[in-house]
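Okay, so chain A shows up in both of these, paired with chain B first and chain C after.
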Partner chain A sequence: MAPRNKGTYIALATPLVVLTVLLVYPVVSVIFRGLTAGAGMTFTDTVIFNWPYLEFTIFQAILSTIMSLLVGLPGAMLLARLKFKGKNIVRALIITPFVLPPIVVVIGFLQMFGQYGVIDSFLMWALRSGSSVLNLATDIPGIILAHTFYNVPLVILLVSASMERMNPEIEEAAEILGADSLQRFQRITLPHIMPSLIAATILTFLFCFMSFPIVLAFGHGSYRTIEVQIWNAFRWADYGQASSLVLIQILFTLTLALAYSRLARSSDGARGPTSSIKTSSLSSYRPTEVIMIILYFAAMLILVVGPIASIFRAAFFDPIAQRYTLDGFRYIFSGEAGGGLRPLINSLFYSSLATLLSVGLGIPLAYAHGSKTRFLRPLSSIMVLLPLGISSITVAYGLMTAIAVPTGLNINPWPIIVLAQTVIGLPFTTRSIEISRRSIDPLLIEQADALGASRLQRLFFVELPLLAPGILVGAVFAFAMAIGEMSATLFIALPQNFTLAVAIYDNLGVRKFVEAGASALILMVACIVAFLAMEKVSEESVGGILKW
Partner chain B sequence: MSVSEYPVRRNPQKLIGAVVLIVVIVVAAYGVVTFWRPRFVVYTYSSFMDWGDEGAEAVLERAFAPFEEEYGIDIDFVILSGDANFIVSKLNAEEANPIADVVIGIDNILVLQETARNVLEPYVSPNLGLINETLVDSLDPEHYLTPFDFGLVTLVYSMNKINTTTHPELANLTFADLAIHELASALVTEDPHFSSPGLSFLLSQIAIYEKILHEDWTSWWDTVEDDIDVEEGWSDAWSLWSTDPTKQFLVSYGTDPAYSANYLGTAPDTSIAPLFYENKHWAWMQIEGIGLVKNGPNPNLGKAFIDYCLNVAVQQEIALNQWMFPVRYDITLPEVYDYAIHPDEMSILNTLFNSTEIASNLQDWLQQYDAVMIPG
Partner chain C sequence: MVNVELKGLVRVFADGTSVGPIDLLVKDGELITLLGPSGAGKTTALRMIAGFIEADKGSILFNSKDVISLPARKRSVGMVFQSVALFPNMSVYQNIAFGPDMAEWPHERTVRRVEELAGLLGIQHLLDRKIDEISGGEAQRVALARALAKEPALLLLDEPLSALDPQLRERLQTEIRSIQKRVGITTIYVTHSQDEAFAISDRVAIIKDGRVVQVGIPEEIYDRPATEFVAKFLGSGNVLEGVVKETKDGKSFIDINGIVLDGREDLTVGETLRLSIKPEDITISSDMDSDSAKGRVISIIPQVGSFKITLDFQGAHVVALSQDEALVKKLREDENQTVSFSFRSEDAVILKD
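Entry: the complex of A and B
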């Protein structure tokens, strides 16, 4: 749809202007100021000093990506090929880890894999040991496992979707011609799923490269990524170092994001649900294969379902006193200073506002994205992708320095928190609205025009109802991202602005485990309820949102 | 098909208007409530005056109500999460448009940093005569800061887990003792980047190695790297130490036994293991100051506030709520302070350095520390 007049232009340009002011300007200005003001390290010193952290950032991201692919690929193949009851439910549920806040996942991991956690307790019982036997929720294993947990759904959904569109006749032909299953995989399946595999690889790497809460919680300040170092440099008032690191990080991520968007565009033509892969039920597999499939499901149960289920235990079980207690929930509903009620209210208030803003910006952005105007389309795609390539800490650093300080908002920076949460969730919101927008039949709009509907009437009674599922999905994503956002909020918030996500981190630091656990449970329930509601309303699987 | 099945759609302008109006009103109301702009802003750290029976709010209200009444203002204590370093960083970030008038909590190490001086305005309080002159000079002879309280940073241990009978070395502890796996793995300290006791401990260790032992200080950290537990801040470290039975040592303050005695109402279960070299016990002295924020909104009020902080009304609250020593020498300390170590019983590690030495080396030391502590 080409913009037809000034009003439309203004509507479409508004989000671009807003993002320029709230994202591009702050980030560019902190990089420029930090590098030129002369306070702190120079760029070269930063690179030399941070070399080990840069190496670790890349190392853990590569390792996490490999793990995610190794764990995700069999899952993708099973999801595509195996016929079983409740497949649609599994497909819908598989995205759950992706909407869970990282700090909540940290709690789940501590409880499942950590010291005196579910697995450790079992091993202690099995080995009759009085002390902790196995702690996987710490240091490198903790970081890698949590990143795997997060990105396996991404790999499964992207790859299985591509696999399902494989023409079964090609495979049958290969089989007749005598290719064994390994040859078929190498020659037919692999080339077919390659674009989606690369896409999943780049996205996973990107997310792990910028991951913050997980590295912060499991790295204990010893294992640090660039993202953690930006936060540290800022806290040590070393703006030269902070800004240099921001620049390095952005160069990395934008290169990856560009590679990704190019890849997505080039493979766009080959897409389309024209054919669907041959599926078969479990009984048609050989016994060894069946055993492996069952083992895989068991492993997934431990890795993915385990941490989620463990959050319930974390909310009630006090590992220090070794007893079950309701103190966590007493904390949540305590309105006193240091109680959880204030963070809970803050969380709900900020994330609701961020959701409204995201939808308000996401709708015109989605339209601008589909516009045929020369500048609007590429500009809006860049703007939508930007928050994916700019880390949360950078967004927060930019907003604080370039927006909050000049306006005096830093005395009570809640609006800045809302803005940061909006910007960070915006790519997901826009994406889901855009998916909906693409499927609108243009004829309907023309008919509305022909019947004499005003522009607002057309928008409200024709387009928005058609967009509704997309908007709803986008809103839920915005809400889940905002309420679970910890990095930017931690950076910006004064104690009076703490959200539940930040309070969890804070409580974890001082070993108030049940308080953290109960807060995590509340956040998880909020995210899952919103998510289930969305699944119910939206007809399509929500997985599409992950395909950029 | 009857006409009524096609309801006439009203133009939605009114609806949009109403929704926008409601959102604006809600947001504005929240804004007005929370943005009710205070007239006088004090930046401080999260545990300031918060370690007594009553909690910070009640103590600050009692101590500062006369000041608020006299000047007809409300003091807004803005509690910044984290330690004083973060306050300095925040002040730097806000340099162009400061909102704070006064900052409490920058100490004698941090004030040596250019970043700290950059955001402070020197001020000589007429009340300086009420406090020990050496404190003024040890904190900052240039008066960027006025002393507020002070304490000794040392090693404490829990007597329930370890004592001088089982470990006689506790009475005369050295870093060599602490490097042994058994003790090193029981030690909890704080990150010197983000915690002032953590930084004090690092400087204590550097002072002893460089000035007394004449050895490379990084070797000790190299030895203990895999054993000791470095938590981000003091609160985190204290929580770990007090809940984990395997952690017996904590880098903390010499008043901890007094706190313990006050809390238990009996003899304390916490004791001090001061470092012992050259037949003397050593400790690091931390002096916390109040500073006037450069270009702050209310400079005169800020100066009056600093003067007021040296009044008895404020200083008498320090011992039992902050667990530090008040800088006024005419304040009678509570009885439990008999369990604390006092500055005159200790040799002060700070004196091994001159102030320019710390200022010019601090960044390098921290970077060397980072390089040693990188895992692997």
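Entry: the complex of A and C
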């Protein structure tokens, strides 16, 4: 759609202006001010002091990425190739971690793999040991395992989608020309899925590089990433160090985000008849292969389903007193100081506002993204991409320093929390609205024109109703992202602004495990319900949000 | 090269549909086409021969040796796919050389073979191109070269030209035919287009509901369709019902709503028969005095070289081709005219079912 008058231009430019004010200006200004004001470390000192943390950030990101690829690749191949009953359920289960807030994942991991967790309890029973035997939910194993849990779905989704788009006749052609299954994988399948594999690698690395809640919870302060260090430096009022770290991190992440967007644009070209994807049932595999497949699914069950199911246990089981209790839920509905009702109300209030804002900005942004106007399209692409490459902590740091302090909002910074949640969720909201916009048949719009509808009539009676599923999906996405957001919120919030996600972290710190568990259960249920709603709406309209 | 024999080939799918039993003999160096409407089982049959679909029953004999237990890559078969299916990550050269590479041919032999085929197909100038840099027709030639590179015993083509425009399709039909003759490779070709089948084949096998209903050279099938299905599918079109009226001196007389045909043997009086008469065998005349049958003109459609005239003959449609322009002009002036038509008894073919 080419904008035709001033009004359209203004509508399309609004989100760009808003994002400039809420994202570009704050980040640029904190970097600039932090580096020049002379408060705290210089850039060089920062690099020297943080060298071990930078190394650890990269190390854990690489290790997590390798693990995610190793676990995810077989899953992607099985999901694309294996024909079995309940495939949709398995697909949904595998995707679930992706929509869970990181702090909820932390709770699930503690309960599944941690001290006195499900596995530990089983081992203690099996070995008749009185003390804890195995604790995987801590330090490096905890961080890597949780990152793997988080990013395996990404690898599986991206790679299996690419495999399913592969023309099955291409593989048959290779087969009839004499290639065995290994040669077919090396020479045909691997080159085909390579773009999606690289995309998954970049995204996984990016997420792990910027990971905050998981590193904070499992690192216990001894293992820190750049993201954790930015938060620390800000708390120590060392703005020089914080800003230097933001600059270093942004150089890494924006490069990767840019590489990713390039790749996404030029991904696999040759498409065949997707209806005839070559799948085969389990019975067509050799016995050893069947055993491997079953073992893989069992491992996935422990890694993926285990932590999710354990959150139920975490909500009721008090590991300190070793008993089941409803104290967690009593906490949530307690309106007293230190009770969970306030965070719950805050969570719902902030994320609802963030949802409204995201949709309000996302609709014009999606149109600007599809516009053919010079400047508008590339600018909006950059704006959509930026939040992917700028970490939550950086967003929060920028908003606090450049917006909250000058305006006095730092006394009660709840609007800043809403703004941060909006900015962080916006790319996802925009994306789902854009998918829906692109699927609208332009002939329908022309038809409305031909029937004499005015521009406004056309917008309200034709375009928006057609766009409604996409907007709904975008809204649910924004809500799920906002309600689970912990990093920026923790950075900004004063105790009266705590959300449920922040309260979970806070409760964990003081070993109030059931309170954290019950809160996590509520967040998880909210996110899963949101996810199911999203899948339902988008399947009916554009064939699944997760197919991008 | 190879003789291919399919014996009682059957495949039943999970959804209950089935193909077969198929019996077919393809002679060494012959090009045979499996022709039938979509869903008839042509492609399934071809994929069973290739080894992509397992047969439940029956055997596939290459020179009397059963290959049914061999995987696709060991059957010495070359195949051109409906979607062309060139490897997008390789150049034209690499695509053609893929088979020889897999068979671990010495490098010089591979190069010589690729160049030989490229010369044969006129694609020498494309060898360094990427797959997305060649046109649809060029892609078909590359696919054919790739299928032939490893010197397979049998070549399979699965509707290779269906995605091309009609002119290019016709040109490539001729090319495929001449290359097949030059290489002398036994070939099975699948198509749903009668024109294509007739243009390219030594023999045609008509497939319906997973079975071969008639095999023969194109003219034979066209002139003497075995069943009503074949007659209608090939577009010869006119199928009329008749009854055996009497037998005299070993000859039977068939009555088709007043048209009496003679000259058939071994028929029982009272038997109902279906007969096929090709449009070009029917003569139309405006002379109403003759005792030939009468029909009302429903439509006149000009075609290349003739007019297609459809008549209503006592509720049945009869299609005739006429080159008589004066007659057509007259008929067109006044609609709903009645004309007389006739055909020779020996041009009516008795259909089997």
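As a working rule, the second predicted complex is superposed on the first by the 527 of 548 C-alpha atoms of A that agree within 3 Å, B and C clash if a C-alpha of one lies under 4 Å from a C-alpha of the other, contacts with A are read in each partner's own complex, and residues count from 1 in each chain.
In this text, a contact is a pair of C-beta atoms (placed from the backbone, for glycine too) under 8 Å apart; a residue touches a chain by one contact, two chains touch by 3 or more.
Computed from a prediction, not measured in an experiment: that's the story for all the values here.
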- Since both structures carry chain A, what do chain B and chain C do when superposed there: clash or fit? fit
- Message: With both complexes superposed on chain A, which partner does A:353 reach: first (chain B), second (chain C), both or neither?
- Response: first
- Which of the two partners, first being chain B and second being chain C, lies in contact with A:175: first, second, both, or neither? second
- Query: First (chain B), second (chain C), both or neither: which does A:511 touch?
  - Reply: first
- Determine, under the contact definition given at the top, whether A:460 touches first (chain B), second (chain C), both, or neither. first
- Message: Just checking: does A:183 make contact with chain B only, chain C only, both, or neither of them? Give me first, second, both or neither.
- Response: second
- Between chain B and chain C, more residues of chain A are touched by B
- Query: Touch check for A:191: first (chain B), second (chain C), both, or neither?
  - Reply: second
- Query: Could you give the angle made at the Cα centre of chain A by the lines to the Cα centres of chain B and chain C, to the nearest 10°?
  - Reply: 170
- Task: Quick one: minimum Cα-Cα distance, chain B versus chain C, in the superposed arrangement, integer Å.
- Result: 35
- Message: With the touch criterion stated at the top, can you tell me which chain A residues are shared between the chain B interface and the chain C interface?
- Response: none
- Note on the structure: chain C partner, complex, touching residues on chain A are 167, 169-170, 172-180, 183, 187-188, 191-192, 269-270, 272-273
- Item | Contact set on chain C toward chain A in their complex | 50-52, 71-75, 77-79, 81-83, 85-89, 98-99, 102-103, 131-132, 146, 149-150
- Task: Quick one: which bits of chain A touch chain B in the complex? Just the residue numbers, please.
- Result: 39, 49, 52, 139, 220-223, 232, 234-237, 239, 320, 337, 349, 353, 356, 400-401, 405-406, 408, 410-412, 414-415, 454, 456-457, 460-461, 493-496, 498, 506, 509-512
- Message: Which residues of chain B touch chain A once you look at their complex with the stated criterion?
- Response: 9, 11-13, 16, 23, 27, 30-31, 34-35, 37-38, 41, 46, 55, 57, 78-82, 85-86, 88-90, 92-94, 96-97, 99, 115, 191, 193-194, 230-233, 235-236, 238-240, 243, 367, 370-371, 373-375
